[in-house]
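Quick one: the structure is below, and I'll ask about it shortly.
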């Protein structure tokens, strides 16, 4: 069987007059869009425009809920109770669902944003909040999570489909977590290297950590490219073409999971 | 045929640790709850709790979207474009819909909050934003609007059902608008007087303005009581009993409109 | 020499239409007011009114800066960088200083709020952020901190005066931290018990932890009463009278530190 | 006597991860910086960095308070009471004063932002709120206002110095107000034209409205260039050089008013 993979990107992160990202330019090269829901970024008009844009490019849409921390862009750890986290996610994903319905598209997935995603990799209570929120809203929604993470495990235990995610443009720690954005080496900007890493992840299920150690990822379903890196568009284009070149089919994850 | 009317109240207006209202105490006496959606008041946990509480009391639930002005409780006029207003409403109503779905209840209505409601009484562009947002999300949703208002007219033109609303505990200006909350006489707290006004509005379709002039309201479907007045619970109880006493049936507006 | 102590209370926590606390009723019984600065609670009008009220009652005013988390009332841990924390504190204390100047009063102290206070008890980087922000703004400002805390130690190292604070109405863990608000036994509401604890803390410098263990506090300069407990006013009154009865003089901490 | 004029620009408008403007590049060409205060844009770290940058370039700093509407960037009309407006301005300007003090610079001026500025051109109550807030905080602060505006008149009546402002890169209506940003022709991007307009305004005190009519401005003290137009840096440079070429001295307004 032909190898298949999804390319996802965080989009719709503008907030009113604060414009972020290269959404229009990056859309042609991705297959799934993670759309900010208004807590850490995004606003109602941006949500509407991003869904319309995704639809035009036949890109699958997902909700990208985050912490209620616009000033920190959802990248700072916050200690929420399970009840808080669960209801914040329900609120954000529901808001997205309404717009999706109006634009005649189906919400494909939910990917927690920023610090919520990072914390859920290891945090059981938060992972349960995420899984329960999604399950109660729509058990057909796919959760994007790192392979072998607590979040992936608990989502699966709740009967949800999980797309294992690989970060082609981010450096990995030997424990499988991402190198913090505070470090200079955390972002990989060189397209050639990003493509090589992606191909290796899809074909062999491995990645080289920043210290040279080889990590076993297992199956990878979706590759994340960040829309806010300077070379994002170039990188997404290189990725899409590079994967095609080695006969890996790039399509929305809901079509093959 | 027996006369019928709905009693509605603004609920779910707490925001995190900021607690507002007497939701638990007032629920037994109302038939429709207008639930704040997080912009001017309300938060995800409060929304969940308020819907659960309404369900328990067989009170119909509606969305109460407002301006993005938590500091002003949505009571200050803001000049939004039609696109802004429309998408802000879609966002808020969608968020409510998700919670309603989880709790197994149907959203019955949408009632714009505060300054948005007051401005929409006369503002065509804003009224179109409201009607279009609701129609696109779910054309079975009922819009709460003052009789003879621009908002009511435009909602009807868009094929939506409109529940004409009467404010039993607020003083009216001769032009049919409410006396501003800035004036001492704007709130009517005496239960006996509130009941008399409600009965007159339902039976005769009229109300006496603050200057004694009698206004023709026409048909009245729903009576608003404010949950934040000191005598709110007493007043809601008096209203429910007072209407029953004169053989006016009190039930959710979706059952008779 | 006569024993002296200050009674402080968190005030000015209303936010627009969201009213919190019993500020007017509690003012006669306290000597220092910690005024919320708009991040976790408080707004410009509330700040102005609270300073005016404090002045009228000859209560000393202080800034009560918190995390930028209105939805969580600043009670949730957030991971800020030292630069973020420092500048957030400068911003909030500066805002208070402007109002204080207009009302012709001197800012007496700074007390970090909620999770910021709790985290700073043990966190060096955060404590440095607090001390540096205060020192750079005005090195005459007194910092309120728990005795023996990292926050107290670092403030002193920066040449700032520190008022050691005792929580008369909160239960203590054996390590000197407060029992979390999530636990039922965290708040002590009985006035007689609160007074006894305060007298013991001032006279003997000790407190009994929830498990009966006796903790050495050392010198105590200021006693905190919470304005949002149901019995807050009664409790503050009992405290002021109870301390006077045993000849402990109650006055603003700047008068004796 | 040599003609003199100030060049001002709105700076410090980033908000957390949302980056706005070209502050570093534009600083060499201006003499006064209007710094956002956190309500419509700006955050504590950005304020600190912008003041430090201004100091380095010997650019005078001012506060740029706006409406509490981050989502609308303070550009939407809001109906505030005079008490709300006054206290919102005190809060924002005070916050700036604290940072200015720490960086060892003096706040030179206050310029209301966006919709607040536009509304104050004609609104007496709002203009009184602005003048009173500034006067009570520091009567040496200069107010930036359009010539002949209600805001300028009321500031002067309150004993404040007023710098009459000219918008070199914005089209004027025949009544002296600015053409709304909603119109395509509202922004003038061509540097040559901007310089010509500025020279005419300073030398002759006139400007040509969009319909060709010549408006009498009277004395002009400061010229505004917008930092967010695509050609902002090029334009500011052209302006500074163009004015120097015709022997108009460019310096902070506090040095010649």
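Residue numbering begins at 1 within each chain, and the chains themselves are lettered A, B, C and D in the order written.
In this section, a contact is a pair of C-beta atoms (placed from the backbone, for glycine too) under 8 Å apart; a residue touches a chain by one contact, two chains touch by 3 or more.
Because the structure is a prediction, the values reported are computed rather than measured.
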### Message
Since chain B and chain C are copies of the same chain sequence, what is the angle of the rotation superposing the Cα atoms of one on the other, rounded to the nearest 5°?
### Response
180
### Query
Just how far, in Å, is the C-alpha centre of chain B from the one of chain A?
39
### Task
Could you put a whole-Å number on the gap between the CA centroids of chain A and chain C?
42
### Query
Listing for chain A: what residues touch at least two other chains?
71-72, 84
### Query
Draw the chains as dots and join the ones that touch; what shape do you get: line, ring, star, complete or other?
complete
### Query
Given the complex with chain B, which residues does chain C contribute to the contact?
15-18, 20, 41, 43, 70-73, 75
#### Entry: Touching residues (chain side chain C, partner chain D) in the complex
38, 44-45, 47-48, 83-84, 87-88, 90-99, 101-102, 136-137
### Task
Would you tell me which residues of chain A are touching chain C in their complex?
68-69, 71-72, 76-80, 84, 115
